[in-house]
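Listed next: structures, encoded as structure tokens.
What follows is a pair of complexes built around chain A, which joins chain B in one and chain C in the other.
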Partner chain A sequence: MPAAVTQITVILLLALLACTATTIVRMRDLWAAVMLTGIFSFLGACWMLILDAPDVAFTEAAVGAGIATVLMLGTLALTSREAKPPEHFPILPIAVVVMPGAALVFGTFDMPYFGDPFAPAHSHVMPEYMSDTVPDVRQIESHPGEPQDAHSDEHSDSQRNDSQDRGAHHGVGVPNIITAVLASYRGYDTLGETVVIFTAGIGVLLLLRGRRERRDVEEDGE
Partner chain B sequence: MKQHSILRVVAKLLIPFILLFALYVQFHGDYGPGGGFQAGVIFAAGIVLYGLVFGLQAARNVAPPIVMERLIALGVLIYAGTGVAAMFCGGNFLDYSALEYSFLQGSLLERHLPHGQHLGILLVELGVGITVAAVMILIFFSFAGRERSR
Partner chain C sequence: MFAIAMAAILVTMALALARARLGPTVFDRILALNMFGTKTVLLIAVAGFLTERPDFLDLALLYALMNFIGMVAVLRFSKYGHFSDTELEKKAK
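After this line comes the complex of A and B, so read on.
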């Protein structure tokens, strides 16, 4: 996609995100607001796809637009569909939202530009991870003009040796560097995240199920 | 929503592909975009769609809550168990390279299994995927199954 088209698409998507957010804030009908949050998440997923982050886009589309919307609808079925009009102009909430928002915008001025090769995220440990993780890309880059077929047998042999040696070095040898970082280099963090999800699931189950079973027990007692 | 035949037909067409895509994202996560979390969430979204269109009881029959409860723990066990297995093979906790040198080398399975790091990543992502999918499905069940309090 040409750069200009990408830029226009990004601007359009961000404008649509802003419109959706403003509409959600101004809306009193909660059912429509929940639907709009689903649209908001979907637009966010499209935007992340343009930023070359398909993993995040998957998550945003499935969780934000799919499951979270359904959970909100399930909650709405238990409560009212209309929000109560506010009794007075919400000065304190607006201040609470605007001040951290302004601080965040101020903070972005110090951030490196998108795709900056000298950004700390790309210059600290990332080169080492990249060179250890993607040996095939390195090979191709070092011999750009070489025809692949001529040395195909030798090539596959050396690759097989590579994959057997790889345990001796600390390289991972998995083409998707995000998976390699998440599951191997940062394996402890991901274990912690899995335990967090586990705990969250147990917590929701305890909160939402405990009451119903107690009621059943009471009804049995009567 | 059982009376809307268009929704039912479209959902029936879509759900197999959603589940298949989830499995693709799960087991192809080391080559393409994705991984355990994304796969679990997409799988859960497929089950949630099934529950929305065909009723909560149908979804409960497909994914019994009692099985899901055990799967939550099983996923974390697979993840931590991979780490402990690496320790038994002589490496550090979650050091997948150790898996390669103890029981893989020289065995009949060597040609059919990926090398140590790759195998460890596959197992770990499988654990993440199982836990995430089970938690999401159970949260949906417990939200949708609540009655209005009197």
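After this line comes the complex of A and C, so read on.
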């Protein structure tokens, strides 16, 4: 994408995001606010996709615009559709929100620029992961025009054996680099995240189940 | 060419956002959300062609499917007020 078009698109998307956020904050009709949070998620997904993170964008769209909208509507059915107007100007909440926000903005001054090849994310352990997981990168790149099938079977077999040997040598036999990083190099992180989500799911299910059983008992009593 | 298409999509997004903000009835807002999902699909497709990576079209298709399912859920909810079939069955009895 031409750089100017990307920049203008990103700026316009961020402006629309800001408009949506202010609208959500000022909205008293909660149903409309839920619809606007869906729009907010779609805008965020567009923005992340233009910054070349399609996986994050897809998660944002699926969770933010899909599941979260439905869950919020379910919550509205249990509570009220109108927000009560605040009784006084919320100084304390604004201070609580503004101070961490300012600290976060201050923190971004130390971050590397977007796309910096010398950023720690690209230079710390990533080259090692790449060379361990994808040993054939240079070979594939050096013959860009030739399809893989054009080689004789022996050659591709020897390549595959080579990559498997190198993977096994380093303890990672996973051919896909993202899977290798998530499931092997950061395996304990992923395990921890999965445990947290699993625990939260069990907790919510138990809460909802207790509620339903109580309602059934009440109806039987009637 | 694609840049003009991108600009048009962004303008349409702004219009849909205005409808979601103003829209007096529930269905104006649901329609605005649905339209916004469609605009997202179009923006992804145009961005794919702008970066000369038309394989973004697969992503756009996924977004379209997801938008459809989410919209069915929202419409069903706005009609019945809940998702479970058991209560509908009880009412039918």
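Couple of notes before you dig in:
Going forward, the second predicted complex is superposed on the first by the 186 of 222 C-alpha atoms of A that agree within 3 Å, B and C clash if a C-alpha of one lies under 4 Å from a C-alpha of the other, contacts with A are read in each partner's own complex, and residues count from 1 in each chain.
Everything that follows uses one rule, which is that a residue touches a chain if its C-beta (ideal position, glycine included) is under 8 Å from a C-beta of that chain, and two chains touch if they have at least 3 such contacts.
The shown structure was predicted, so the numbers you read here are calculated from the model rather than taken from an experiment.
In the superposed model, A:70 lies in contact with both chain B and chain C. Contacts of A:58 after superposition on the shared chain: both chain B and chain C are touched.
By the touch criterion defined above, A:12 lies against chain C but remains apart from chain B after alignment on the C-alpha atoms of chain A. Between chain B and chain C, B touches the greater number of residues of chain A.
Shared-chain residue A:23: touches chain C; no touch with chain B. In the superposition on the C-alpha atoms of chain A, the part of chain A touched by chain B in one complex and by chain C in the other spans residues 54, 58, 62, 66, 70, 74, 77. Residues 1-2, 5, 9, 12-13, 16, 19-20, 23, 31-32, 35-36, 38-39, 42-43, 45-46, 49-50, 54, 58, 61-62, 65-66, 69-70, 73-74, 77 of chain A are the ones that touch chain C when the two sit in their complex.
On chain B, the positions that touch chain A within their shared complex are 25, 29-38, 41-42, 44-45, 48-49, 52, 69, 72-73, 75-76, 79-80, 83, 94, 96-97, 100-101, 115-118, 120-121, 124-125, 127-128, 131-132, 134-136, 138-140, 142-144, 146, 148-149.
Touching chain A in their complex are the following residues of chain C: 3, 6, 10, 13-14, 16-17, 20-21, 23, 26, 29-30, 32-33, 36-37, 39-40, 43-44, 47, 50-51, 56, 59, 62-63, 66-67, 69-70, 73-74, 77-78, 81-83.
By the touch criterion given at the top, residues 54-55, 58-59, 62-63, 66-67, 70-71, 74-75, 77-78, 163-164, 166-168, 170-176, 178-180, 182-184, 187-188, 190-191, 193-195, 197-198, 200-202, 204-205, 208-209, 212 of chain A touch chain B in their complex.
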